[in-house]
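Each of the two complexes below includes chain A, the first together with chain B, the second together with chain C.
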Partner chain A sequence: MTVEATSTPRGPEAVTPAAPEADDGRPGPAPESPPAGHAAGRPDDPHTGPPTDPAANPSVVRAAAHARAALATAVTVAVPLAAAVGVFLLLVAAATDAEPVPTFQELLSSSLGDADAVGETLTRAVPLALIGVGTCVALRAGVFNVGGEAQMAMGSVAAYLAVEALGGAPAPLVWLGGAVAAAAGGALWAAGPAVLLVRRGVSEILTTLLVNLATVGILTWLLQDTFLQDPDPAVITAQGARLDPRLELPALIEGTRVHAGVLAVVVAVAVTWWWTRTPSGLRVDLVGANPRLAAHGGVRPQALRIRAFLVAAAVAGLAGAVQLFGVSHRLTTGLTAGVGYSGVLVAVLGRSRPLPTALFALVFAVTVTGAEAIELDGVPRALGYVLQGVLVVGVAGVQGALAWRGRR
Partner chain B sequence: MSGLAELGFWEDVLATGLRLAVPLGLAAAGELVSERAGVLNLGLEGTMAVGAFGGIAGAAAAGPGLGLVVGAACGALAGLLFAVLAVHLRINEIVVGFGLTIGGTGLASFLFRSRFPEAPDFTPYRGVRLPGLAEVPLLGPFLFAQPLVVWLLPVVAAAVALFLRRTSAGLALRAVGDGPAAARARGVRVGLVRTAATVGGGALAGLGGAVLTAGLVGEFSDEVVGGRGWLALALVIVAGWRPALLVPTALLVGSLQAFYLRAQSATEIGLPVSLLQALPFVVTLAVLSVRSSSVRAPAALGRLTAEEEA
Partner chain C sequence: MTPPGAPLLELAGVDKAFGPVQAVEGVDLDVRAGEIHALIGENGAGKSTLVKMIAGLLRPDRGEIRVDGRAVELTSRRRSAEAGIGVVHQHFSLVPSFTAAENLMLGRPGAGRRLRLRAAAEELRAWGERTGLAVDPDVPVGRLSVGERQRVEVLTALAWGARVLLLDEPTATLSPDEADRLLAVLRTLADGPARGPAGEPAGGPGEGPPPTSPAETPPLGVLLVTHKLREVELAADRVTVLRAGRVTGRHARGDVARQRLVAEMVGEAPAPTPRTGGPAGEVRVALRDAAAGRLRRVSLDVRAGEVLGVAGVAGNGQTDLVGLLAGRTAPESGEVAHPVGGPGSVAYIPEDRARDALAAELPVWVNAVATRTHEIGSWRGLDRDRVAAITRRAIELLGVRPAAPDATAAHLSGGNQQRLVIGRELQLDPGLVVAAEPTRGLDPASARDVVDALGRAAAGGAAVVVVSSDLDELLLIADRLVVLFEGRIVADLPRAAATRDAVAAAMVGHRDDDGDRTPDLPAAVGAAP
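Presenting the complex of A and B:
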């Protein structure tokens, strides 16, 4: 977290009084111990200024930079959260018969209050965080993959097909096969938009969204009119057969719904975090920041874009498998439940960095779990989405304001 | 109970198709206005949703006419919010667009459920049959038995086309979208023009949502907008940012949606009905892929955040 926080671009400079050396981003006076901002090695970080006073003790300077970055991070999180709480109280007071403050307390206690509540929130955060972390990879390459919803749905279908194909194999083998199939299914579902993006320049935002909307019908058809439909004749809704109970992911915490899929998130965050620090991650960052410069440097932007796009889609597909084995235990049209969209937003909020993205996934999970609970008090759960919208715009706004201050 | 071979089925599809084209086309016309000014408003879906709610609220108070006005006003407010955040505060327009979509859709659902525990009671616009002409096969139900509100679409499309091409305000708007720096040098107030375009565009999108709920369907549900905002965004590109082409493209997509709806109620159609639900989106995607390389977007579109203050 510390390293993540210090790489907040322009945070330090925003507070630093203009120093004459602030023009070049090189840590001139103390090359052997550069300011902390450079430790992260982010290419979009040219403004992290050198020490204000060249004679200052480098460790003091570093500590000050840390503190400023931490302050910037705190502001970025606190202001939008406060705005969201304000909007919540206002809307509950204005539009419902419920008491605003107790309702807010109810939202918090029902999503964070006890082990059960935390378990529920964690369970909801799993697919969100997975899609978010995958989206980070695409966003870094400048690709706005909003097709997570369809990629996740098709990932779950592919995972189910793998279950059918692997028959009576041991559960871990089936999970592995399902995960691989799901990743392939998710990536396959993004292949069309990826090709259209690089070959014809069609906006991937629109193509992936249209694919999402089309997939709703395709999924309904698959679960209603094909061999995937629930064989139980009493079932008339579109859903698949229940998985063999031995294939359900084991509970991680006894007595809650928290399943082993949480580990997938931990692995995904760790791997992505490591990848952002490899040459490959740096090349993708470069393509996202300046494709022309990247091409001059011998990188093929289009190829990297496609790869990043497909990786994000594969991770979304994987989220479908995790949701199938861990939560729904059968294919349903509601398996994705909008996390494909929210997952993109948490990645935007986390500024394409894996750990903050996973943390914002938790915040979103709180709004969803909590909003469901307060519906019992007569406050419609859709309020949770309003809060997400406020958070998204709020965080982007604060970041914009900090960057603006940094430019002055 | 009509099959594909019967004329009545296709009369229904065409007639319903025109009605469904109206909300789509109006929202697309709104988006076209803001995009011609260089503002990419991805919050169209959310704007339509608040317009749809505003339409219901207004219609419940004093009939569908007020509903349309309130819906347009709600859409204009959403457009204003977008303009303040993206044009003036320069927050990333894609992020603001998604925030507006998720927040607007949520807000509409939240307000409807908390303010209208029981479905509001009002009558949406009914078809007006022109004696004689309404009996003509195919064309009769399509053109001469429709609620009058459907004619909003060609009227608005024509008005937008005239405004952009023939008025000095329209010229300023196009200049801002194609070359903001040059427009600023000529004394055009770029931020103001963009704000006005986004507010006006939002009003049209809100009107589209209100036509859907207050004018035609008569009720609100969480799925009432159902991706129409995104379809409208695609239609703007398919139409090559030309208002006149919005009418036929909206009619095509509306008819595909109508085909699905009619097929749903017809029993012996012999096609997998749920798959037909995907048809409008698949066709839009296909047309978008073919068209997008032969049309030219406003030069400054999508660069709001990157643009430097001149």
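Presenting the complex of A and C:
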């Protein structure tokens, strides 16, 4: 049954959202003044407040709504962060010989302390943020694509094939060709699940997960038993040949590993942010929220779903190319390193909004980079993932609590 | 009539506020065994809030709820059920993919560990026979009609051992005859004394609260939440009027005039403007031998400027007819032609607004422009002036309260969500309006606004189709009335010939030419003891 938030719509404040739903980053229309004509005939109309009621002033209501939404957003981020740090400190104290607070300081300084550390963190954040932003598009359409891992891997393979095909072309051209091929490869890898979803209603969560599993095998085979394997006779494991050094993405900050791929993230965030504020973005939101309503408005929900699905997959493929040109410089089975899954998490944490998603990607990158550093002090690296886990559970919990409070 | 017994359920000084809004204030109310107590009020008067507090979905800020004179904390649906309160919600709380028997066992107080589905089905059948509200207990309730789903809720409440039956707008979804039958059933339940499936104790063997034998079961108390004055007059022993969260009137049966009740509810008498139909223009939608779902080979023309009413008992093909007329579904055979305009020029007000026509988690303004996303901007961004203008019109047409475009639609009350949907559809200047149950769940004043708006659309040259289970409303608004029975049009009556009796007869399958009411219709409630 539908839960009504209020039964007596006497003053507009009754509907100011308690949860941060209203803060969806979209431009609202100008505040409306309450129409006088309708209520005029009914002096005792219970729907209208007394004229002196400050709550009847739309701009006050609007400001209050924004303030509450901002507060709710702050709580949604601050509480889980505090919880994650708390759990981390407790675990370090309880389970290791290290001092909790210095260990945490070490984690922060090794991931944010100097240019080198920031560079390392940013490098890790790049594929995460890319996949996260792509996932935002799919999530908005109601498609839960967890196939980022496979789509990214296939993107890197496609990018490498483009490198082979383009031979001695200038580096920017090869990067461009690689990016296009990677996007196509990623999208191609999602085509099966997309068709099954709209034609047969097969859950995309299942199909993309299965594709991920299959891709692990396919990738190993490609890199071990085909021409993609490193021709160096000394190499017997599954790995590709090293790229021509001129094809490596240039460093963005001299002396660090941060490469120009960061720019791809900036572009992706900006484009997606803009797109959410266009009619096209609105249509995708409608398909995700209520496909029947969208269809009534002349939208074909299934077609839109497929498109959103393929866009997410294409961006995941692109992340594969960025990782190939910017970090690994060769095809490996470990190129994706789980970011296909973490990317979905950061998009969920960012509530399908591109900018918060990118910020959560950064937070995740901090935990991973920092966790590697503290491992040197005898603290298991897994504690970094504990940080992420508590963060996810915490955000989900706070959002749930806010939604519950808003209805009660 | 059974003399009213001791109060089974009492509310004493109950307050409930949502933020700064006092939804319910100082409400006293009691329901006694053997009576039907009606609670009436406009949308937003606080009826739903009271219902939710009694159902255990909301907790009062102040005041007490007592059952059998003892204060109870109804902290959950389950607690409420255990206290002997059975609730039939306006939006049903059944799991669509479960059968009636499965729904009966879901959350049943004291059900034990074993899932006795067969026993549950038997129980439902027995209760169905006993009350005359028969349903098939083994079909997923999602496949039942709205009226049948309501029966399942009533039967479930009874089988759970309810002593107070609370019904929230129960007749909103029923045909006039079904509504009368339900009221008759409620009367019987309130009167007692014989309750429970004949020869079998309620609750089933070895489970649940102590099984009650029919002979010694006390009569039920019924709390009927409604805004239909006719039902109050027909069925209620007592009536409590609620307005803006406070009790504005309490009356015993027969000691109050309709005008007074209305004044207590809304402060003015609702008087829908009777329509004066103009000449019908060109055909806006044409069905030729069209079949879909329950609809069988229907031919129908609807013309510009006319209001066509579609009457019929729920589940006789209305849903499919609406789908075809609105262009939402394709016919399985036959033809549907929309000579003028595409889907964009069709205003579509589906029966289930919340499910089909609203994106609850998106802001009000997005809902307002949802059907016009192709005309509010380009890839360069939204045309904010246009969005604001469309939003303002959708909000103002029926006065959505509060008029806050940035709030999510979920934060509007049910009645205001409806106003938003109807406002959005009718401000399109449509060539064709297809409206299913357009006034369901609305208070008299809003219902009048909707009826007037539909009339204005027809006057402005639209072809208007209204499917409604409220026969009085159809008779008021329609220029022409067709009656659906078992998927066919069994009567096509011009305004002059469409009398209440003629339509009611056709609704149970009598053709135009034999207008007698069938003898096996249930006796009207007024004729009950």
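The rule is simple: the second predicted complex is superposed on the first by the 340 of 408 C-alpha atoms of A that agree within 3 Å, B and C clash if a C-alpha of one lies under 4 Å from a C-alpha of the other, contacts with A are read in each partner's own complex, and residues count from 1 in each chain.
In this text, contacts are C-beta pairs under 8 Å (C-beta built on N, C-alpha and C of every residue); 3 or more make two chains touch, one makes a residue touch a chain.
Not measured: the values here are computed from a predicted model.
Colleague: Between chain B (first) and chain C (second), which, if any, makes contact with A:V393: first, second, both or neither?
Modeller: First partner only, chain B.
Colleague: Once the shared chain is lined up, is A:R292 touching chain B (first), chain C (second), both, or neither of them?
Modeller: In the superposition, A:R292 touches chain C alone.
Colleague: Looking at A:V379 after the superposition, I want to know if it touches chain B, chain C, both of them or none. Which is it: first, second, both, neither?
Modeller: Touch partner of A:V379: chain B, not chain C.
Colleague: Which of the two partners, first being chain B and second being chain C, lies in contact with A:W274: first, second, both, or neither?
Modeller: Second partner only.
Colleague: Of the two partner chains, chain B (first) and chain C (second), which one does A:L282 touch, if any: first, second, both, or neither?
Modeller: After superposition on chain A, A:L282 lies in contact with chain C alone.
Colleague: Give the label of whichever partner, chain B or chain C, reaches more residues of chain A.
Modeller: C
Colleague: After overlaying the two complexes on chain A, where does the chain B footprint on chain A coincide with the chain C footprint?
Modeller: Shared contact residues on chain A (touching chain B in one complex, chain C in the other): none at all.
Colleague: In the complex, go through chain A and note every residue touching chain B.
Modeller: Touch residues, chain A against chain B: 91, 95-96, 144, 146, 196, 200-203, 205-207, 209-211, 213-218, 220-221, 224-225, 238, 341-342, 344-345, 348, 378-380, 382-390, 392-393, 396-397, 400-401, 404.
Colleague: Mind listing the chain A positions that touch chain C in their complex?
Modeller: 1-17, 21-22, 24, 26-35, 37-39, 42-48, 55, 58, 61-62, 65, 274-275, 277-280, 282-283, 285-286, 289-290, 292-299, 406, 408
Colleague: Write out the stretch or stretches of chain B touching chain A in their complex.
Modeller: For chain B paired with chain A, touching residues are 42, 46, 85, 89-92, 94-96, 98-111, 113-115, 222, 227, 230-231, 233-234, 237, 272, 274-279, 281-282, 284-285, 288-289, 292-293.
Colleague: Quick check on the complex: what are the chain C residues that touch chain A?
Modeller: Interface residues on the chain C side: 18-24, 42, 44-49, 57-58, 89-93, 243-245, 266-268, 328, 342-344, 348, 354-363, 365-367, 369-374, 376-382, 384, 387-388, 391-392, 395-396, 398-399, 401-408, 410-414, 416, 445.
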